[in-house]
Amino acid sequence: MANFKGHALPGSFFLLFGLWWSVKYSLQYLSQKVNKKSHRAYCFQRVDAIEGGIKILFSLIGMLAEQFVPDGPHLYLYSGEKHDWVKLMNWQHTTMYLFYGLSGVVDVFTFISQVVPQGLDRLMLAMAVFAEGCLFYYHVLHRPMLDQHIHSLLLIAIFAGAGSTLLEVFLRDNIVLEMFRAHITIVQGTWFWQIGVVLFQPWGGPMWDENDHSNIMFLTMCFFWHWAAAVAILAVNYSLAYCCLQRLRRGSGEPYINLGVRQQKCDSSSQAAFLNGSDEE
Amino acid sequence: MANFKGHALPGSFFLLFGLWWSVKYSLQYLSQKVNKKSHRAYCFQRVDAIEGGIKILFSLIGMLAEQFVPDGPHLYLYSGEKHDWVKLMNWQHTTMYLFYGLSGVVDVFTFISQVVPQGLDRLMLAMAVFAEGCLFYYHVLHRPMLDQHIHSLLLIAIFAGAGSTLLEVFLRDNIVLEMFRAHITIVQGTWFWQIGVVLFQPWGGPMWDENDHSNIMFLTMCFFWHWAAAVAILAVNYSLAYCCLQRLRRGSGEPYINLGVRQQKCDSSSQAAFLNGSDEE
Amino acid sequence: MANFKGHALPGSFFLLFGLWWSVKYSLQYLSQKVNKKSHRAYCFQRVDAIEGGIKILFSLIGMLAEQFVPDGPHLYLYSGEKHDWVKLMNWQHTTMYLFYGLSGVVDVFTFISQVVPQGLDRLMLAMAVFAEGCLFYYHVLHRPMLDQHIHSLLLIAIFAGAGSTLLEVFLRDNIVLEMFRAHITIVQGTWFWQIGVVLFQPWGGPMWDENDHSNIMFLTMCFFWHWAAAVAILAVNYSLAYCCLQRLRRGSGEPYINLGVRQQKCDSSSQAAFLNGSDEE
Amino acid sequence: MANFKGHALPGSFFLLFGLWWSVKYSLQYLSQKVNKKSHRAYCFQRVDAIEGGIKILFSLIGMLAEQFVPDGPHLYLYSGEKHDWVKLMNWQHTTMYLFYGLSGVVDVFTFISQVVPQGLDRLMLAMAVFAEGCLFYYHVLHRPMLDQHIHSLLLIAIFAGAGSTLLEVFLRDNIVLEMFRAHITIVQGTWFWQIGVVLFQPWGGPMWDENDHSNIMFLTMCFFWHWAAAVAILAVNYSLAYCCLQRLRRGSGEPYINLGVRQQKCDSSSQAAFLNGSDEE
């Protein structure tokens, strides 16, 4: 659906997931930091499964919307009369949603059964993001300059997300990677909205001049403002998660999380030494 | 051989290997999961050697087919009369098969002698896939648009496969990487068939319009349908492997593989902590 | 500010930081090598915080300079009269400085509170460098050939810096990566000066011919001379740091750092064995 | 020196180094495999230092040859009369040699003093290879098609070599990476010779047609024949090193290296488990 709603719908999905991840991983990290014995871990796994279910739900909504909007293909792929494909744009979007749905299915199965190898859920998610990026890449290849540029900025966010998710296959439960995934998903969500607003002007107003080079310069910069804003959102959510946990602990009489200056940081150099032997004499 | 058979032959080779790997690595992973002491490991190594032998066989078939088909070069490389190269296409395909043959030879030697450094077999396989990709890249550079596009989608599968196999040099016996290799090999196999069908129409019917942009859009999407189908095939094979192993164990009176919810997943965070020290205070 | 000062200002910032890092990481590495128990570690953390503060200061100076120079935008982004963006170049540069400012803020917070996950400071720095590179990439896309080439050489330094900083998220306190970061920052600094000199001729003299291919050849080579010079500067700083520490130890009666030939280097192969199991029989 | 000798000289340097590395690393790996206590390690370090010295020597020869051949620049960079640069090609080649010289210097210092951080020698070598690749990239950008293609194949070898050497900074003493470096260096050496032969026909004969597409197809394939030949050379050298060591041991009455089938390979899966926790239940 090359209109405002077709960009706002996935944008909202990504935004919701990005915000949710920024809260979830903050809580998970902070609560693990306090009680080393992770008796709350099971609860987080249940949350992963629910998340998978919601992914499946969102994908279904997206697929149905793409297929059954008034000007959609209604599941017809090839029209015998015209000897041509029917509404390929909608079919491509359906394919993108399909991959996110598959990722949700793998999430659920990872929770249900322990024979599913760990890391497959992240791999499937990385594949979904990569498939989205690839389809978009060929999708916008022959569009006007402004359209192409604004989508190519989206591709930066998409491929950065695919790359970081792929790393999570090998470095699972790494808070920095999880935060980055949350961050880049927020950026993707808000940028989808921005694309919708720039290309389709939902609230009226003059259209953007597609051949004005300064528009393109502005949008490049604007993309990084979204990026900076997402960093700020992440910082706020992390702080809120920290405050909530502190208040909970105060209520239950447990000790505070120590806010003192980090002193043993250097001990972690032992791991660097381990990895590359650079400290050995 | 730029005809249907020339695409169906390698396609079938890749498909067979992909399916076989999806079964082998599933069985290997699941049986290691149950009995930690891997007394069946030797059997899997023997399988690796047989696999190497089959690789050599397939490569020889491919090389001979490329050289000695009626319109092949019959081992002539340069024709003195015409002052020109003879059938370079067939020679390029022969080179591709040669590298897979070398990879098979390294597999066999890795089994025979333990002085061959571990990881060389994976490196040689990665090189073979990379050489195939590189030759294809220059191969299709000056073809019609549809031809070029359909082969460039193949390149995505080829280079993704080369990259993941390269990772296996350093992360050997990682089930996620092995599954991905099986998956991408299946995709490569089915996509070779798809290329043959689209470009040469083996069962009659009108030729595809090479300049119709919507054909290109459809094929991009179609590639990811192959991708999703390969994921499904992998899931089915993994489930079948699991059921077979369960039935075997039931027969022999051993306990079932536990299907309960995975609870100790969080303990694995210790490795993340080890790798980046992010949990240290 | 597309003039000499607009290149000399960031150039000086990068040069200062590069030189400072080359000294800091040399001292940190050498002092840790001697006394395994890093009782001076706290002091280095305080230095990190001060560094963050200076980053914030430099970014503010840069942002204010870009906004409030006589021909700057003075915080106006859109001019209602002309229906056009105001001074987008300056706004883009402001955005670049903003990201370095954010990186400084994360540095300071990492010192203040230990709930900030380790590695976030490096990730934020890598993001800042990446954002700078991305903005530059689109920035110079439609410039004259010489201008574009000289900036594209800058991009090599920028993206190499972003990549190595990203690696530091996972391999913290790795002296080789830290040295490389210092090195590439010095290169970036001196190359900014070179760009300013070539494009704006601050000390008079004839302008460079923008269409002369040999100018471009010279500049490519010149970039690697900067690179080699930065290696030399690094070596000098490292030696000076070593001499200072030796003199300090001599004063305090501690033993010298052993200058003997490295003999146990091979023991470090145990880690390689650990990582890829290549030594196992 | 854009002539046959200008390609044969570096080609021979690379070939010598590649062959030497293939022998050295084979011996080092095999001798470490037998006697775990590496009392011969010191000898290999001395060899590293000598190697560094030879690198410096070769670089000096290369630099002097480029500067002082009859049509060389004789250290003049800018000609005041013509207002133009003097012989930039030779200067670019001098720069390439300079970086290999720097790499040799770091090798020597790594041997002399143990305060040089481990890994710096590999980083410097990677930088030298990268600088060579970068200079070549811009070097051949505006050449005839055949010339450009044959050099772009060289770039594959160069950048693959730079990448693998960079990995060695973090995975030192990894036999697979060292073998790959030896291999790619041999390929680079023989390909330099091939370029010289194709472009300058040292032994007479008709020139290659620069616009014939089939020449380009042949050279692509030919590059991978060099690749396969280098694999074969490596295999031969490794076998010879093995035989020599066996004969030495037979003489000294030590036990043979066990040639039995590798059985404990699966135990190495413990490292995989360690790295990604995929085996945990």
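A few comments on the model shown:
In this document, chain identifiers A, B, C and D correspond to the written order of the chains, with residue numbering beginning at 1 in each.
In this text, contacts are C-beta pairs under 8 Å (C-beta built on N, C-alpha and C of every residue); 3 or more make two chains touch, one makes a residue touch a chain.
All values reported here derive from a predicted model rather than from experimental measurement.
The greatest centre-to-centre distance from subunit A, using averaged C-alpha positions, is reached by D.
At the interface between subunit B and subunit D, under half of the residue numbers appear on both sides, which makes the contact a different-residue one. For the pair subunit A and subunit C, the CA-based superposition corresponds to a rotation of 90 degrees in steps of 5. Distance between subunit A and subunit B, defined via averaged C-alpha coordinates, is recorded as 29 Å.
Multi-chain contact residues of subunit A, defined as those touching 2 or more other chains: 33, 114, 117-119, 169-172, 175-176, 258, 262, 265, 267-268, 275-278, 280-281. Across the interface of their complex, subunit A is touched by residues 29-30, 33, 156, 171, 175-176, 179-180, 213-218, 220-221, 224-225, 227-228, 231, 242, 257-263, 265-269, 272, 274-281 of subunit B.
Within the complex formed with subunit B, the residues of subunit A that make contact are 32-33, 38, 41-42, 44-45, 84-85, 88-89, 91-92, 95, 98-99, 102, 110-115, 117-120, 123-124, 127, 131, 134-135, 138-139, 142, 169-176, 258, 262, 264-265, 267-268, 271, 275.
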